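What follows is a short report on a single structure.
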Amino acid sequence: MTEAPMRRFDTPDLEELPEDVRERITEEREEAGFTPNVFPAFAYRPSHFRAFFEYHDALVNDTALEREEIEMLVVTVSGINDCLYCVVAHGALVRIYADDPQLADQLATNYRSADLSERHQAMLEFAELLTESPGRVDDAAVEALVEAGFTREQVWDIASVVAYYNLSNRMATVADMRPNEEFYTLGR
Amino acid sequence: MTEAPMRRFDTPDLEELPEDVRERITEEREEAGFTPNVFPAFAYRPSHFRAFFEYHDALVNDTALEREEIEMLVVTVSGINDCLYCVVAHGALVRIYADDPQLADQLATNYRSADLSERHQAMLEFAELLTESPGRVDDAAVEALVEAGFTREQVWDIASVVAYYNLSNRMATVADMRPNEEFYTLGR
Amino acid sequence: MTEAPMRRFDTPDLEELPEDVRERITEEREEAGFTPNVFPAFAYRPSHFRAFFEYHDALVNDTALEREEIEMLVVTVSGINDCLYCVVAHGALVRIYADDPQLADQLATNYRSADLSERHQAMLEFAELLTESPGRVDDAAVEALVEAGFTREQVWDIASVVAYYNLSNRMATVADMRPNEEFYTLGR
Amino acid sequence: MTEAPMRRFDTPDLEELPEDVRERITEEREEAGFTPNVFPAFAYRPSHFRAFFEYHDALVNDTALEREEIEMLVVTVSGINDCLYCVVAHGALVRIYADDPQLADQLATNYRSADLSERHQAMLEFAELLTESPGRVDDAAVEALVEAGFTREQVWDIASVVAYYNLSNRMATVADMRPNEEFYTLGR
Amino acid sequence: MTEAPMRRFDTPDLEELPEDVRERITEEREEAGFTPNVFPAFAYRPSHFRAFFEYHDALVNDTALEREEIEMLVVTVSGINDCLYCVVAHGALVRIYADDPQLADQLATNYRSADLSERHQAMLEFAELLTESPGRVDDAAVEALVEAGFTREQVWDIASVVAYYNLSNRMATVADMRPNEEFYTLGR
Amino acid sequence: MTEAPMRRFDTPDLEELPEDVRERITEEREEAGFTPNVFPAFAYRPSHFRAFFEYHDALVNDTALEREEIEMLVVTVSGINDCLYCVVAHGALVRIYADDPQLADQLATNYRSADLSERHQAMLEFAELLTESPGRVDDAAVEALVEAGFTREQVWDIASVVAYYNLSNRMATVADMRPNEEFYTLGR
C-alpha cells in the first residue's frame, strides 16, 4: 500500500477533480511512470494547482537558464529550507539533468562542498542570500551575478526560481508532502 | 515625472506586451486610478506575469479567509522579510479592507503590538514561524491554528498566502520595485 | 476616549507628579498640540524621566549631526528592534525634518530600499551592526564611517543615538507604549 | 604608564572639563581609589556624561531592586552583548555586592550555570530575551516575572537596568573602553 | 582515477605511516571493501588518528544505545552542521543499521519529516539543541530525554555522540574530506 | 565540603575505577595540587575518559602551535559556546601560559577587545567561524590563516583544537561540570 501524498491534509479524490486538473495529473503519471505526490496534493485547491503549475512550467520552459541550473537552484534552496519533498524529488532531477549521481546530495548538504564552476558558485551564493535574508539583497549582490557572467534576464530567472521554491518549500512542509519512493533512487 | 516601477530591471514597453498582459494592466489602472508598479514590473516576463497574477487571484477569490485576514498576513510577512513594495502597497489594502488606519503600521512593525483577537494572534504567529523558519513547522504549529478556530481549509489558505508572499517579497526586493506614491497615503 | 499611554503599567496621575516633570509634560503638549505618550509613560519613575529626557535633549541639541540624520537613525534602529511606538512617533519626525513623506516608511522597512547618499548608507549600515551585533563592532566598522566623511565627533554622536534608542526601544516595548494617533499621519 | 581609558576616541583633559563633570570624576576616584575609565571616557561629551550618570544614579538609588540584583542583571546583559568593559567592571561589583567571588564569572559566561533562586533565574531569562530579541517581549514574558514574585515596579526597574546597559554596552564597545586593571581582581 | 580523500591537506603516504595506523586502515579496507576516506585523512596526524578512532570505537562499542540510534544522531547532527562527508558516509550506515533506505535522507534534511517514535523524536530534538545552541541546554532539556524513556547512562551516550560529531563535522569540513563514491549508494 | 564535579550525572567512586583511569586522576591531582573536575566527571565512562584525554594530550604535545595559542583558542571557543567549566578552567591556563592576568577575561568576553597580533586575530576569527557556522568554512577562510603566516600543519592543529573543544564544551554543559574554585583565581 502506498503512502498518502501528504499527511496534514486529505488528498482529494482524483475522480472528483475538475477535468483539466485530472488530465494534468494523468499526463504526469504517464510521463514519470508514477504520480509525483505534489500533483494530487496541490489539487487540494484546483485554483492553486493551476497557477502553481503554470508558474512552474513558465520557469522551466521560458527561461534563459539551463534546466540543470534550475534544478541545482531548487535543491540548494530546498536544503536551506529543510524541505524533504523538494530535496528528494528535485534531487532526482539534478541527478538526471546534470547527469551526475552525487551532485544532488552535495547541494542539499552544502553547496560549498560541491564541484562547481565559479559561475555556479556565484549563482548558489545568491540563492542562499535571497533565501535566508531576502531583505539583505542589495546592488552588490545582484552585481556579483552579473560579474559571474549572467545576463540581466538570467538574473531575473535565477531570482524567480529561488522565489518560487521559497513558496513551494513552505507548502510542501506545511502539508507534510511525502516524496514518492521512486525519487529516492532515480538517477543514482 | 514618475519613478520607474523597478530599479534593477528595465520595465518593458506597454505597447510591446502581449495583448492579455496589456489588458490586465489597463484593468488594474482603471480600477485603482493608477497602475500599481508590480504589474508593469512583472511584465518583464509575460509568462511569469500570467502565473503570478493567476495565483494571486486564486488566493483572494477562492478562499475560506476574509480579505482583511489575507492582507494582514501579507503585511506581517512582508514586514518580516523587509520588503518595501509589499509593506507599502498592502499596507494600503489593510487600511482599506480592515477599515483601520493604524493596523498596517502596527503589523509591519510588530504584530505583537497590534490589537488582535486571539484568533488573529495565532494566525500571525504561524505566519511568522513559516516565514522565518519553514523547516521548524511541525504538527504542534498546525494544531495551534486549529485550536484557534481555523478549519483545515483555512489552514491551507493561510499557508498559501504566507508562501506566496515569500515568493513576492523576494521578487520585489531583487527587482527593487518602488511603491507607487499613492500607496503611502491611501486609507490613512 | 483616548487610549492609555502604555498598557503594561499604570500611567501616573499628572496632578501627583513632581513640579518639574509636570512642567515638562505641559511644555511638550503645548509645543506638539498633544501630549506624546512617552512623557506620561516615563513619568512612572520621575527620576528616570529626568535622566531619560536630559539625555534625549543632549542628543538633539549638543550634536555634530543634522536633526534629520538623528531621526533617520532612530527610525532605522527602531525598525530593526520592532518597536511600534518609536517607529511611528519618530517616523513623523523623519517626515518633518527630512521634509520627505516617504522616507520614514522606507527606513522602518529596509534602509537598503531608501534613497540615500553614500554617506547616509554608511551611517545606517553602522547603526544596523551596532544594534544587531554590538560585540562585532570593530576598527573596520568605525573606520567605514570615517571614510564616509564623518568626523570622530560625529561617530560618537551616531553611536550615542543608536545606543540611546536601543534603550528607548526596549522600554517602549516592555511598557507597550502606544503611539498617539497624531503621529501616524503627521507630515504625510 | 596606565592604559588610555578608551581607544577609539581621545579622552578629554580633566582640566578642561566643566566644573561639575570634573567634580564627579574626582568623587569617583576618591571613592574607588582609582578613576573608573567610564568617567573620563564619557566626559568626551559633557552633556552626555551628565545624563548618563544621572540615569545610572537613578537606577541604583531609586529602585525596588537589591543592588546585588542590579549588578547581576548588568553582568548578564553585558556578557550577552560581549562588552569587555562592562563585564569586567560590573563583575567586580557583583563579587562585592553579592559577596560571592564566583558569581560574576558564572553570569558573564552563562547564567544557566550559576546558582540562582527561581526568582533570579526568571529575572535573567527576561533580561536575556529583552537584550537579544526586544521585539519578542510579550505579555507572557512580563507575566513570568510577576509569577516569579516581582512587583510591577520591580518589573519596570528590571527592564530599565537591561535597557540602560544595552545603551552602555554599545557605547563602551564603540569607544573600546578599557577596564581598569583594578576591576579584574576586586572582590576575588 | 579516484578522488583524493581530502582537498585542503595532503594525504600522507600509507607506506610512511606508523605500523598501528597502517594496520587500522588495512582492516577498515578489508571490512568495507574500500577505504573510507576519513581514515587516510585523519592519518595526517597519527596521534590524532589514534585518539579519534579510539573515541569512535568507544562510542559504538561501549554504549547503552542501539547502533541504529547512534547513526540517526550522527546524520541529524551532520545535516545541521552541513557536513558533506559525514552526511553521506553515515547516511549509508543509517540505511544499513536501520534497514531503511529512506531514513537517512529524511534525517539529513529535516528530522521533523521522518517517521520516528516519540522516543527518537525527543532524542533528535535534544541533538538539535545541543548542536545549535550548546549554552541553552538546561535541566529541562535533559529531563525531556528522561521523560522520553532514556536512562541517565543513555543520556550521557547521546550527548557524547552529538559532541563527538560536532568535532568530526568540523574536521571533515575544514579538510574538505570527500565521501567515497560507494557511500552515496550503499544500502539504497 | 567541596562541590560535586558535575551536577547532572553521579560521579563514579575513585576506588571502583579501572587502574589506568585512577592513576591518571592521581597524577593530575599531584601535578595541580587539586583534582580538576573534568577528570572524575569523564570517568563516568572509562572508555570515553581514555580517548578524550588521549586526544587532549595529542593536541597539546604533538603540535605546531604554542601552548599559549592553544589555550587562547580554547577560551575563545568556550566563550562562544557559553561553557562555564571550560572558560574558567582554561582561563587559568591562559593566564599561566600567556603570563597575562587579563587576557583570559578578554578572550572569554570578546576577542575583538583583546590585545592581539594580527596573526592571533586571524586565528581567533577562524575559530569563531568554525565554532558558530562550521558549514560556512570555505577556501577563503582557510587561506586567511595561511596569509596570516600559519603553515598547513598549524591550520590542521588550529582546526583540531577548535573541533575538540566543540566536543568538550558540549559534554561539560550537558553534565553541568563545575569549575574547581582554584581555577577562578589561579594566575590572576
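Note that the chains take the letters A, B, C, D, E and F in the order they are written out, and that residue 1 is the start of every chain.
The working rule: a contact is a pair of C-beta atoms (placed from the backbone, for glycine too) under 8 Å apart; a residue touches a chain by one contact, two chains touch by 3 or more.
Note that the structure is predicted; figures quoted are calculated from it, not measured.
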Contacts shared by chain A with chain F include exactly C, E
Indicate the lowest number of steps between chain C and chain F, counting one step per move to a touching chain. 1
Between chain B and chain C, two touching copies, which fits better, same or different residues at the interface, with half of the numbers shared as the threshold? same
So, in whole Å, the Cα centroid of chain A is separated from that of chain B by 22
Express in whole angstrom the distance between the two chain centres, defined as the mean CA positions of chain D and chain E. 43
Go ahead and note the Å separation of the Cα centroids belonging to chain A and chain D. 50
Could you list the positions in chain F whose residues touch two or more of the other chains? 82-83, 110, 112, 135, 137, 173
Taking the top-of-page definition of touch, could you list the pairs of chains it picks out? A-B, A-C, A-E, A-F, B-C, B-D, B-E, C-D, C-F, D-E, D-F, E-F
Chain A-touching residues of chain B, taken from the complex the two chains share: 8-10, 44-45, 47-48, 50-52, 54-55, 57-59, 61-62, 81-83, 130, 134-135, 137, 139, 142, 152, 155-157, 159-160, 162-164, 166-171, 173-175
Using the touch rule from the top, collect the residues of chain D that touch chain B in their complex. 135-138
Per the touch rule above, chain D residues touching chain F in the complex are 79, 82-84, 87-88, 91, 101-102, 105-106, 108-110, 112-113, 173, 176, 179, 181, 184-185, 188
Counting only contacts in the complex, chain A reaches chain F at residues 110, 112
